[in-house]
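As structure tokens, here come the structures.
Heads up, the next two complexes both have chain A, just with different partners, chain B and then chain C.
Entry: the complex of A and B
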């Protein structure tokens, strides 16, 4: 079963290439607010959201420390565990700033991830379309469905 | 910014519970976590101090269901209320699609409520966002306390709600008003997606 999922199609090929080359177990591509654009390796959507929230928090808090130190923004951060390592990095794209959270295992290394991450960023920037004018999404009468959904959510 | 996946027909929105320290922001999230079926919510992540005060944020993802053919997810965040955690409050506020301002109804907390509301305005402005452009709901929490200790909804509206925003009296510990608050902010946030192009 494929565990690759993308909100925006242009991210798929660069992500596929990156996870294959870097040997990443899990990868999230997201906005600084923690909204996921593409993911690899996760099975439950809700776990993805928690990981994205935490990854975005790491990046934003280290950026704030950099600001206090009057340093340019840190480009990447790595934590090495016994069985897994995490690599978190941000980069600028035509879609604005984007973040990546990469989890790798013992079959890979931070060096390998870092090496292919540069290609990943280059591929993403090349594939990224110019942002389109966005259109209304929901129907005017969405509130009836919203009320039904919320009622079922809070049903005891 | 709401994230819309047209191919998978999914919408993800970020809602931030804001307000002064100990007003009940985390309690709202805990109540929602306890009431929502496990298959429609994720793990609640709390970055808290040893005494369970929110240090960075609480985070709870929930699946609202299908609305206009879109599977709709909300990411609920709460910020640390204490004054000296403003740096982290700003970070959590980034990209919020809607804000629930949880006010403490106790009369002696009125100044803290006003200060926190001003802080919300200032932090949004720092991110180039006009507070008037953000869907905002006021929740007046702790309405279960003795009447002599608290301000009533009309009094709190006079003090805090000069824009005539939706306001909900609540007792988040027992759950009163929590659902109504979520419903009100959901409607405001999704209304934007039905009326105008999401930004």
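Entry: the complex of A and C
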């Protein structure tokens, strides 16, 4: 059973290709605020929400370190464990800045993930539709939109 | 201080790779962190995607190691991938590093193997 879910359909094909080529176990595509656009491999909503929040927090923390070091930006970081590694990277797209959190196992490597991530970013940028005009976020829409996103990610 | 140390390490690796690239028909040589598939040092011709070769050769070497292990034939000492217009050869060195060469199809594989093994020995 496929465990890929996307809130935005244009992310599906690039994500499918990426997870197949890089051998990723889990992948989250999200905004810097932690709003999930697509996910692969997660089976529980609570895990997606936790991973998205933590991934966004990691990027915010490293952005602050970059600021202290007077670096314009860190583009990617990797944490290597015994059985798993995590790769977190940000990139600019027509939809603004996006983040990806990738968990890989011993069947892959940071080199492979990095390599195919470049293709993933290119594919996403090519597939990304022209952004709609931004609407103000209204309190009455927020919960409905949040529930719609979670239903898209975990429809049964 | 750190920059000096880096420069010395860089020169050392460069000299090691020169032993491989001076073999006629070699287009490039790389030291690859085998488990990570990342480039440690490179001396490649323009147009060769060193990071892609490093990542994919690292992955190939890991799979070949598992294959050899499953077949009960021990640890691979030399990998040779012959393609239509060239070849990739790799030798595992100390602590999981791979010495990799990208060569033309007409390269003297025996000579290249010796050069790769020599570099791997020095790395140890």
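Here is the rule we use: the second predicted complex is superposed on the first by the 132 of 156 C-alpha atoms of A that agree within 3 Å, B and C clash if a C-alpha of one lies under 4 Å from a C-alpha of the other, contacts with A are read in each partner's own complex, and residues count from 1 in each chain.
Note that in this section a contact is a pair of C-beta atoms (placed from the backbone, for glycine too) under 8 Å apart; a residue touches a chain by one contact, two chains touch by 3 or more.
It should be emphasised that the depicted structure is a prediction, and the values quoted were computed from it without experimental measurement.
K.L.:
Between chain B and chain C, whom does A:112 touch in the aligned arrangement: first, second, both, or neither?
P.N.:
Once the two structures are laid over each other on A, A:112 reaches chain C alone.
K.L.:
Is A:82 in contact with chain B, with chain C, with both, or with neither (first, second, both, neither)?
P.N.:
neither
K.L.:
Just to be sure I read the superposition right, which of the two partners does A:69 touch: chain B = first, chain C = second, or both, or neither?
P.N.:
A:69: touches no partner chain.
K.L.:
Name the contact category of A:150: first (chain B only), second (chain C only), both, or neither.
P.N.:
The first partner, chain B, only.
K.L.:
In the three-chain superposition, say which chain, chain B or chain C, touches more residues of chain A.
P.N.:
Of chain B and chain C, more residues of chain A lie in contact with B.
K.L.:
Given the complex with chain C, which residues does chain A contribute to the contact?
P.N.:
So the residues of chain A touching chain C come out as 80, 108-112, 114-115.
K.L.:
What part of chain C is in contact with chain A in the complex they form?
P.N.:
32-33, 35-38, 51-52, 54-56, 58-59, 62
K.L.:
Can you list the chain B residues touching chain A in their complex?
P.N.:
Residues of chain B touching chain A: 1-5, 7-8, 10-12, 14, 35-37, 40-43, 45, 47, 56-57, 59, 61-68, 70, 72-73, 75, 77, 87-88, 91-92, 94-96, 179, 182-183, 186-187, 190-191, 193-199.
K.L.:
What residues of chain A sit close enough to touch chain B in their complex?
P.N.:
Answer in residue numbers: 5, 7-9, 31-37, 44-47, 49-50, 53-54, 57, 60-61, 64, 133-140, 142-143, 145-150, 152-154, 156.
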